[in-house]
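Both of the next two complexes hold chain A, though its partner changes from chain B to chain C.
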Partner chain A sequence: MAARFGYRAPRRREELLALLGEYGERARVLAGGTDLLGDVRSGLAHPEVMVDLKRVEGYRELGWSADDGLLIRPGVTINDLLGDDRVRASYPLLAACAQDLASHQIRNRATVIGNVVNASPCADLSPALLCLGAHAVLSSQEGRREVPFTEFFTGAKRTVLRTGELLEEVVVPPAGADARGSYHKLKRIKGHDLGIVGVAALAEDGALRLGISSCAPTPLLVDGLSTHDPVDEVVAAARAAISPISDVRCTKEYRTHMVGVYVRRALEEVA
Partner chain B sequence: MSDRLRTVGADVPRVETVEKLTGDALYTGDLLLPGMLHAKVKHSPHARARILRIDTARAEALPGVRAVLTGHELDYRIGLYVVDKDILAKDVVRHFGEAVAAVAADTPEIAGEAVGLIEVEYDVLTPVLDPMAAIRDDAPLVHPDLGSYAYVEAAFSPQPGTNIAHRQLVRKGDLDRGFAEAEWIVEREYTNPSVQHVPLETHVVVVQWKAGDQVTIWTSAQSPFTVRNLFCTALRLPLNQVRVVVPHVGGGFGGKAGIHLEPLVACLSRKAGGRPVRLQATREEEFSLLPCRSALTYRIRTGVRSDGTITAQQMTMYWDAGAYADYAVNVTRASAYSSGGPYDIPNAAVDAYAIYTNKPYGTAYRGFGHVEFFWGLERHMELVAQAIGMDSLEFRRRNLLRPGSLTLTGERITEHTGDPRACLDAVAEAIDYGRLTAAEAEHERTTGRKVGKGVATLHKAPAMPSFTATAAVVKMNSDASVVVNIALMEIGQGCDTALAQIVAERLRFPVERVKVAVERDTDKDPYDWQTVASKGLILSGNACLLACDDLLRQAYEVAGQALRANVVDLDHDADRVFVAHRPEESVTFAELSIGYAFPNGNGIGGPLVGVGRYIAQGLTNLDKETGQGLPALDWTYGAHGVVVDVDPETGEFDVLAISSAYDVGRVVNPGLVRGQAIGGMVQGLGTALCEGYIYDQQGRLLNPSFTDNKIPTARDIPARIDSAVVETAQLDGPFGARGVGEHPMISVAPAIGNAIQHATGAELLHMPMRFEDVWRALRSHDPIDNWITETPVGSCRSDLPGGDATVHPADAVAHPGSTHTPEVALP
Partner chain C sequence: MLISVTVNGDVFEREVEEHWTLLRFLRDGLGLTGTKEGCGAGECGACTVELDGRTVNSCLALAVEADGASIRTIEGEADQGRLSTIQAAFARHHAVQCGFCTGGMVMSVRDLLQRNPRPTVEEIKEGIEGNFCRCTGYEQIVEAVLDASGQLDAAKGVLRHV
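On to the complex of A and B.
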């Protein structure tokens, strides 16, 4: 069914934030649109105004700094990320997750921040960002605040974002030179598919982190592990953290099993 | 004969390639007519309900709305074989997604908005979803009035007072004696869910109902004449007032056979005062407004001797017709008489039922039941062989049909029928069946995966009326090129190219001088029954040959007068007709083409127009109690061989290779055979791996889109995919050819299942074989039964944050199912 909505495409971030402040819950931010337009078409989203951020100056750029690491702005597409040599060299785990996201055509359009802010339990990038200790910068007319991704998701499709607030930056701290990552994603076909189970693992200085998707209402991080922990303990920790459901894609039993398999395999690769 | 053929057998490029690759090809959806309106449909969100009230007042008041229709205005009923379907639901809805009202408006947006304004009040009833429950005595009836419906009595047997739309019986030999002779009896049950055809082009129709009840229908149909015939029967119009035009079609696969949206759009056009109305189905509508492939439960009980000889087989098929009989009753009939596969079964009984349920209804789908039942049959052959400790390839070879064998319906196989053994041997050899190559052994060592190989046979005959007919017209132009008119549709299978080759061969013309007219038109083209059943090549091919002979006869007759020669002394080449013993005495086809003129100006002859008519011959109806008779125009045999590797820890598997072989009689075009073979195998792969309708307990379809109804992509095509042919000439086929359109899809799934079993021992009885299914089979866990799922919708744990965020209050009007998708199903 056709939907009617206003469309605004500000050039400056102040304008964008002002529009979000003005329209509040009646506005939705449009970036790549790969989630939002589908939701509008299905009648799941009813924005009065779409505020397109793609024309905001500087939003398509990646930022780098020695202290903060990688800074991803809202217009950066998945393929922008994949096309950046520094990202591939410094954050191979992030690149691996991005490479498995949907299809090339979708990656041309979909943004990194859109993937995260949609807060789908099966988002491909969230496990990597959780493992890498990334945080979100949330901006509004009132100012900005930083929220680590471990606290960003509050439920399926729910985040800490307040009305009028924009996820303006994703900041990924510098990864250690010895950091090793791996990503395993269960799909139904070899072509593009949503993750049925996703497990990212990152080992750095003996510390081990697991980012798991599609196994709880939110993507989740299993932290405080060591690469020296017995494998069974790591698997047990992962299984204790998840709360998978049975749905049209598979049963919770299989999800639980596959988390164990993927954690074991990830450990072999990164430990 | 073969070395004298020049065009038949050549790798001629498809005739429509350039037009399609450049985007010049026009489809029904490209049609723009002055004053054209756009239609949208209001769907039922319930599987079974009484309609208490429909209020269209607000929709009618919306500016730009030109017509709003509900079922009570339409006193027509439609049906292919059982006339059981209203154009719009009346009083009751019988499946999720069923059309209950429709709107035509100035724009699609207005039509969609108007549909949203239509209020329907339902009394929701408990649906009948499981076909096995639907045949119990206490089951509610999907069609309480079944006894009053018209139906094709020669072929079908609806059972009034039950949910059985058709029962097909086949009896051969003495079943009890056969089982008494058996040393082993193996009985199993095999299942598969409904699936969707997913053509690239969704169903699209434009209809204009003009003054004087003159109706023109442009439609993405496989069978223009069947659309016209069924339309005129339902709407009670004479055939010469209704014209059906079909331009290029973007894929059919059976889903565009029969009749679909045409009557609804026609009635909208009539109500809108004769303005043309266009309706194109959304992808979601393809899943539940339009029909699907029926689910099947297939129980097979086989008696076998220790030497591997089958002595008896009892087969029971429960076909889930869904809410309407459509093609499911004929799928049931055709599957019943084919159900034993290419095997010699001396004593057999088949009881096949088409069962009404409150689900989207089943229709034709490439293979017409054979993909579904061969899943069970060829898995069963594997399990029977395993039970008696025999290699399954050897077991199959021992029981294959051979000259002298009798089919289930009593047809005697001859040396010309085709060679299933050659097909089976070819694929077994192609995959090195029964052993691992050094590379495969190394692959197992390095990956930890298990490599397995499996084979499966297949056969199919066209499922069609015993008197199925077609015609072709070959018209010569004044430059001695020809235009061929047929109503068989080019839907991607390549018939235009193949028939052009056949015509070129018969006329001895280069193929470039033969054009098959693209747009089919029931007012201008000669009759063809339908573009289905892999029957086009034989029937239309023969009609084209006869049309060429007719044209040549006319040409010779005029040439005989022009050359003052006896017609029996004439011969011809690509350009001229000449006296055989004095070739310099000749006249060109160009001179003959539109009538010959003597030097003094006298004219003789006239335009050369060859007409060929062909009808299936010698076929009979089947006896209703025994199924005995001759239903098969021809049998195409084939086999698939598959190599898989399986991860025993996760159940994940990869199809490394598929080899195929089909006895096509004669290859008319190797590229087209290969195209059909690879396309069919990939489509078979989808059915084998991932496709299937999932319902909730209320009968709502949970996966009406590509989010959760995955189909194979380019990446899913196996690294190795081969097709080979066997050529046992079909005596009555054009140049010996027989059809191979559906066959490549049949038996891909059981070959994969057999390979998985060889690799791991997993005994899969349900298709598709998702990774979790394999994992469960490896651990003897209960299989998942999520095809009518008991999993509550959006069942995130409620004690966790977000557990209540799972229900989306949404408008299901435009896209049935979207509101019922579990939370995690959202991308």
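On to the complex of A and C.
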């Protein structure tokens, strides 16, 4: 890597937040590094210092509480999530999205929070977290605030996160026992690839929610639907919500078409 | 920064630059050149090593992040010049052509077989999805993995089960 930078690996969250406060824009948080080190290598990121959060006490653990549900901390990798029996049993939709993310080597390093906080329109976990009604806990030296994921993304690779702030926890409420989910991701190959279109669907107590990726500047939630709605109406609602572009991967017409295909398939699985 | 790492069972203490990747440290710092740099972007898997028991792309990790860690590279695969079961199967099935991907491929196969000692063809393909081969083709590699996991009747050249 040609670019030079400093490296700090604090053990306590207070130290970490102090470093982020002190360095501000000049620091980048290093978690799995699978996006960040690529960005540094290709000249898209120029941090003066990397602040590694993996050694902070407790950051690699999943938390559970009866009221709040699943708590995902910033050092938790995709494979940590997949390796947890409770996640597979209680949040199969989240597990399905995680399983489709990149390769085994990447899943061993990439973190759940890193996938979300980079705010790529094609991030695999965002559609599931939107469907599940998850929220983000943002911490800084000034304090903490909670932001639902429906308000977290502000544009392609842009979020409400402020300088000096850390996405410290993702909280996923308990899913109902009758909840059914499905995830479809269009890729060029069956193996690891970025999504061209992603559709997550969650049906719970007759309510239907769709999480859609790669079809707008941000991941989208299409809410207020019912499993009893006619399929054509659900497809129309999904198509009305998206604003896809044509790019190197495919045209906006193809994305629009495939959203319909995947919504229909998802409804067959969850409704 | 001074780091201490265990690589293939040996402990090394070395001064490294903060911006060095783990891959660069292994190759240039320790002379372990079996780990290759292909894409440098976490796509091809030629740089796959085991870091604290998990396979990672060493091009996407910093050497300083490995401080205190235990690493296994392809150099740790053969036992005093004796090929491992996986290496022997790769040789037997001509699963190596230019060889550039082979080190990383073997690391992923080893990891796969530890998690799943008798993988199906589909599971093998998924297990090596993060490792690109651009010349042999994958058929021989899949055959080698079937053989290494005792699922190939080599004498008859047919699969026992798939």
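Following the convention adopted for this analysis, the second predicted complex is superposed on the first by the 270 of 271 C-alpha atoms of A that agree within 3 Å, B and C clash if a C-alpha of one lies under 4 Å from a C-alpha of the other, contacts with A are read in each partner's own complex, and residues count from 1 in each chain.
Just so we're on the same page, a residue touches a chain if its C-beta (ideal position, glycine included) is under 8 Å from a C-beta of that chain, and two chains touch if they have at least 3 such contacts.
Because the structure is a prediction, the values reported are computed rather than measured.
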| item | value |
| --- | --- |
| Which of chain B and chain C A:H257 touches, first, second, both or neither | first |
| Which superposed partner A:V248 touches (first chain B, second chain C, both, neither) | first |
| Which superposed partner A:S214 touches (first chain B, second chain C, both, neither) | first |
| Which of chain B and chain C A:G155 touches, first, second, both or neither | first |
| Touching partner for A:G33 - first (chain B), second (chain C), both, neither | second |
| Which superposed partner A:V117 touches (first chain B, second chain C, both, neither) | neither |
| Touching partner for A:V56 - first (chain B), second (chain C), both, neither | neither |
| Winner by number of chain A residues touched, once chain B and chain C are compared | B |
| Touching both chain C and chain B, counted on chain A across the two superposed complexes | 1-2, 34, 38, 41-42, 191-192 |
| Complex contacts: residues of chain B adjacent to chain A | 108-109, 112-113, 115-116, 649-650, 652, 689-690, 694, 702-703, 707-708, 710-716, 770-772, 775-776, 781, 784, 786, 789, 791, 795-797, 800-803, 805-806, 808, 810-815, 818-819, 821-827 |
| Sites on chain A touched by chain B in the complex | 1-2, 34-35, 38-39, 41-44, 120-122, 154-158, 186, 188-194, 214, 216-218, 243, 245-251, 253-254, 257-258, 261 |
| Residue ranges of chain C touching chain A (in the complex, touch as defined) | 1, 17-21, 24, 40-42, 45, 48, 54-57, 59-62, 64-65, 67, 108, 111, 125-127, 129-131 |
| Chain A residues touching chain C - in the complex, by the definition given at the top | 1-7, 9, 30, 33-34, 37-38, 41-42, 50, 52, 54, 79, 102-106, 108-109, 191-192 |
